[in-house]
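Just below sit the structures, each encoded as structure tokens.
Heads up, the next two complexes both have subunit A, just with different partners, subunit B and then subunit C.
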Partner chain A sequence: MRTALVVGLGAAGTFASICLAKKGWKVLAVGKGTSSCAMSTGCLDGSGMDPECLRELSRLFQASGMPLVGGIDEKRTGITNLGTRYDCTLSAPGSTWVQGHGPRSITVLGMGKHPSLRPNLVASVLRSWGMDARPQIVPMDIPGESSLTAAFRDQGHLDRLVNGIREAWGETVLLPPLFSLKDHGRLDELERRGGRRLLEAITPLGTPGERFHQVLEDGAREAGVEIWTGRRVTALRTEGDLITGADVQGGLETRTVGLDAVLLATGGPLTDGLLLHQTGLDDPFGLFLVKELGQGPHDLMLSGYAHRGGRLLSRSGTPMANAFAAGDCLAYSLRSPGKGLGDAISSAWGAVRTMEVP
Partner chain B sequence: MNEGRCIKCGSCMRACPVLNDPQGKAFPGPRTVGIDAPRFPEALSIGNDALMCTMCHACEWACPSSITITRSMSMLRERLADAVPSLPGHQRMRENVRACGRTVASDFTDWRENGERTLYFPGCIGLGRLPELVRSASQLLSSMGMPHDISPRAKCCGSPLLKVGAKQEASSLQQNNLEVFSAYDSIITSCPGCTYQLREVYGIESKHLVELLPGKKYRSTVEGRWALQVPCHLKRGLDPWAAEDMAAVLVQAGVDLVRLPEEDLCCGGGGGLLSGFPDTSASMARSKVRIYREAGVRGVITACPFCALNLGREGLLVLDISQVLTVVD
Partner chain C sequence: MRTEVLVIGGGATGAGVARDLSLRGIGCLLLEMGDYCHGASGGNHGLLHSGGRYAVKDPGSAIECASENAILRRIASFCIEDTGGLFVSLPCDDREFGQRFRDACRETGVRTDELTIKEALLLEPGLDPRTRECVAVQDGSIDPFVLVQANVDQARTNGGVVHNHCRVTGMTVQDRLVTQVEYLDRRDGQKHLVRPEVVVNAAGSWTPDMAAMAGVRIDMALDQGSMLVFDGRLCHHVLNRLRPPSNGDIAVPNHTSTIMGTTSRPAASYEDARVMRSDVELLMREANSLLPSSSVTRTIRTYCGVRPLLGASGGRDASRSFNILNDEAAENLLSVAGGKLTTYRLMAEKVADRVCLMLGHKGHCRTHLEELSPGPPSPLSGGIGNARLHRKHGAVSTEMGGQPSSVVCSCEQVLRSEVEHHLEGQDVLSIDDMMRRTRIGMGYCQGLDCSLTVLDMFVERRGVEAVPLLEEFLEERERGQRHASGEQLRQELMRWSLMQGVYGLGGRRR
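Presenting the complex of A and B:
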């Protein structure tokens, strides 16, 4: 059995790990800290995605009990927790609508003084883009820093919310995200009991991203991926153009593992992946060529590992035999805001296909 | 410290097992207590609720900026101790230490002082509440070829006292213990809280029993399916390899082990939560017990007396790793 080491536990690394494990690789995935994917909105722009890749991703969400809605080119819209408009093509159910079929009248529901959704602010922003919106606050005592997902496991809170929804005006009610992946089915229950269409506000740095990450992590476990959290790959061992092993550091101890292929999914400079070096970026392993795209420091976000046919290049520009990369650590000239998550998934899919080519 | 690196992403709060418990909503959260309070002294008005942290390091592991949140919270507790009245459970603990040198009184009698080069340091909870754990750990160490003393002169490691801000008392215990330790070449513990204290605060090279297990052959003494309860201080505080090492040893020994994603979720027993906020601690333990019951396991195997005590109180069968292994010659 071939062993693949995947470095990075974000969207690209975890999705690639799942695909590799399903293709018969023994996969070890190493990383630390919360990934960008878990801080994202959990929505993605799937334009340009391979339909087979979307089928694989959809299967994972289906199995998690929170199926994805939308498609590669389906234009969907939602409302962010600030009341602004959010466009994507794929999202969790109950947080977006097909463009042109949005709600005309909406109540923005705040959970007491909890800062997750500010009804007055959001309603006035919604009115500014032509929607008939009214604010409403459900009286409940949930401290600002405490988690809504924990609070709404409590039946008392849920009952009070149902009453609030029943009293709401208009056809649709906008709520902050209330349910973790395990409890996501309760959104349907809430909709039935409240008698209104519910819409979850698109919220970064919260439950939706966490749910997205959880779907991938559960999928990886299910596929038999060995996940080493809280650890970091500090060095890669080479013989010529071949990577033969890796040093993995956790606490005071460093252990060496052997491998047949390595896939870097370490993210860009913001996520501690690529190193900031003087005015440009550098490879923390000191092995691979980093390509600078654009001009000036603001273009650093486009820069990353250079590759040929999916294989990483050595410092001298020749392709490595068994080193690959996916996601934000790759140099990518077409990246645009809001496309990161879709790009991460697509490039992980591409990297796995390259790894299958001898 | 390094709190200034905070990017306000909230990952620490979403990772916090206390905030995620219905009984934990009074806790101001790791960001307020571990990041803002140390920088803005006026935030010290948060009072006793700031102590509702189990020191499980989950926030620290979640932090994308690698802020040492747990350490910051420990330092804050020292300052809080002068500002807020002590909780009844914490007071009792301090009185016990004053009376007998340990957080709980012990009628343990199997002391061994044979002039060995190794000292087994079981800790207060083991000696006071789980003497069978201490005996099995001692037996396992002996059969692993590690003869050792168990000294009545070694007292509380001081970790629980630091958690309630009693720095003076903790440092006099440390002085006493270091004197006892000076007669030995190595110190072995079975409580991750003690290990953390000895290594990170005393600065000596102590080892937890789990760290000594790999490399030998064992046989299981238990039947049925088991899950792991991975101790927070051990895995996230000291040794990220602990869960894999425990699992590998147990599987090799023939234990039918199921790995659950929630195995390293905090049980609620640490950081003074069990003595200071027993309701929150019990609620966290109940949630974990529910997860284990749903998984259909007979019980859990752990390596921490606090986990054993807290989950055991909620009716779960909990065994220390030393209670399920015998050495194969």
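Presenting the complex of A and C:
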């Protein structure tokens, strides 16, 4: 059985690990820290995605109990926790609508003074783009720094919220994300008890991203991927154009693992490749060619590993035999901010297909 | 009270003049186009000079600085941190300068104390251990925003009227007198007229523009200076290089950061305020030689100011002193040129004296006697936020303190009650205005989350349109991140992805 080392436990790394494991690879996935996937909105722009890739992704979400809604080109819209419009094609249920079928009147519901959803602000921004919106605050005492998902496991909070929803105005109620992946079904229950359509605000840096990440991680474990969290690949060993092993550091211990292929999914800009007081990128392994695109600091988002036919290039520009990459660590000539999640999934799918070719 | 005097410009000088006139019982109106300190009064180190820096080349300024330093410590102790200052000589610095410096300080009355290298390194363990000489002076760290606001507040208490966000748009001159001044108020978007007897033009870099409205030509050299903000306090004292004043030779510990500066290049206009990559590289290099640990310290942002200097030549050789100009084309227009933050009160006193002369008023200056804030304050209990408030505002802080648990900006420990306090006043119209007063959005994340909380409070209390207010703030913060590097660059990319990718705000749209 061939062994693949996947570096990075974000959307690209985890999804690629699942696909590789299903294709018969023995997969070791290593990563450290919080991925940008877990900080994302959990919504995707799936335009241009391979239908087979979407089917695989949808299967994972179906199995998690929180199926994805939308499709490759289905234009959907949601409302961010600032009140601005957010467009995508795939999202968690209850957070977007098919364009043209959105609510006309909406109550924005804040959970006491919790900063997850600021009703005055959101309602005012919604009104500025023509939505009939009103703010309402459900009296609750949840400290600003504590998570809502923990607070709403409490039945008392939930009952107070149901009353708030009943007292709300208009056809739809906008809420902050309240439920983790495990509890997501409770949104339906809340909708039934409150008697009004509920819409979850598109929220970065919180629960939706964590849920997305959880679906992928559960899928990877299910597929038999060995996951090492909190560890870092410090060096890759080479013989000519072949990567043969990797040094993996965790705590005080460093282990060397043998491998048949490596897939880098370290996110962008290259983790550890951005040194203090430097503004450019470098490959932290000192092996691969990095391509810088654009001029300004924000153009770094476009920069990353150069590749040819899916294979990473050595510093001299020749393709490596068994080194691949996916997601934000690759150089893209075109990328819009906020669309990285769809790119990550698609490029992971593409990388796995390249790896199948002997 | 009648508007006898119109003061144009709400920097340190203008606010100082308004305070001085009000204390003398003269009715005045101050108009500031942006927020207070919007020009050079905000775009500086926040250094309370001992005078040492100017002792050799500009003894007049040194003498002024030394006496004003002592006065400010007395009247504005709440916004001054008595860090003390050190002049240090590194192996690459000219050895002979040290003696010239000591002689000049003696002649100008700038107090100095000799330190052995061992003493210096005990006081400042972060200094380059190869330091060869060290002289202690009375420098301090000052918060210009708090200082100027306190001047504004005291002017108001004594009957003065002060408006920020009011831009002067025109002047009418009849019989060689400015008879009428027109201004645009951002609050109502309307033009208003005022008919003062005397006009004080304290518009800093904009002074020539204002004078031109009255048909008066003023030559002023504009000089751009860049600063680099390091995370945390790398030194306890203000550190100066013991060498002739040049680029990147001062480090000032300021609140939660260390400010390294400055550079000097001629600016084409006050809008020519861009920080160059080369400025950043120079400041980084100089910081590394003075404080070696800066090479492993994160930088938060860059900012700059445009100095309005006397005369047409400018640069490092221009005097940092000031001048009051009066032209026969507009006899009741006094223009203030040059000067610096440390001597703002003295400038204001001289201007107010001239105004009194013109009005035939017999009032005497009291600004060196009256404290700027009622003291002594009793510290508020509980939390870093309250302790910080007390340190910064003195007795006034009791009006701003609150529940320590309600922190709106966790980077800078800003309390909700502090934001509420400023929302009740008339001066804060934007998130930027709030930032200058509270430091929200000045930390690592540059307002990623707290800007939304503050925006919510604006909407709730003022019913303003939210998105333009947020975009104005984002634009200002983004300017300081143009040269972000390393960890801060990574943070900036996240902030930018979020604001643009999720909310569709800020920066260029692809």
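Assorted remarks:
Convention: the second predicted complex is superposed on the first by the 344 of 358 C-alpha atoms of A that agree within 3 Å, B and C clash if a C-alpha of one lies under 4 Å from a C-alpha of the other, contacts with A are read in each partner's own complex, and residues count from 1 in each chain.
Note that in this section a residue touches a chain if its C-beta (ideal position, glycine included) is under 8 Å from a C-beta of that chain, and two chains touch if they have at least 3 such contacts.
Computed from a predicted structure; not experimentally measured.
In the superposition on chain A, contact is made by A:T84 with subunit C only, not with subunit B.
In the superposition on chain A, contact is made by A:K339 with subunit C only, not with subunit B.
Once the two complexes are overlaid on the shared chain, A:S314 sits clear of subunit B and of subunit C alike. Residue contacts after overlaying the shared chain place A:S128 against subunit C, while subunit B stays out of touching range. When the two structures are aligned on the shared chain, A:S147 is found in touch with subunit B, with no touch to subunit C.
Of the two partner chains placed around the shared chain by superposition, subunit C is the only one that A:L276 touches, whereas subunit B remains out of contact.
Once the two complexes are overlaid on the shared chain, A:T3 sits clear of subunit B and of subunit C alike. Once chain A of one complex is fitted onto chain A of the other, the partner contacts of A:T41 are limited to subunit C, with no touch recorded for subunit B. Contacts of A:S58 after superposition on the shared chain: neither subunit B nor subunit C is touched.
For the contact definition in use here, the residues of subunit A common to its subunit B contact set and its subunit C contact set are 39, 143, 205.
The residues of subunit A lying in touch with subunit B in their complex are 32-34, 38-39, 142-143, 145-147, 149-151, 153-154, 205-207, 210, 217-218, 221, 228-231, 250-253, 255, 271-272. Residues of subunit C that touch subunit A in their complex: 284, 295-299, 405-407, 449, 452-453, 455-456, 459-460, 463, 465-467, 470, 481-487, 489-490, 492-494, 496-498, 500-505, 507-508, 510.
Contact residues of subunit B toward subunit A in the complex are 9-11, 13-15, 19-22, 24-29, 31-32, 61-64, 66, 235-236, 238-241, 244, 261. Against subunit C, in their complex, subunit A makes its touches with residues 36, 39, 41, 80, 82-86, 113, 115, 118, 120-121, 124-125, 128, 143-144, 202, 204-205, 269, 274-279, 296-298, 300-301, 336-340.
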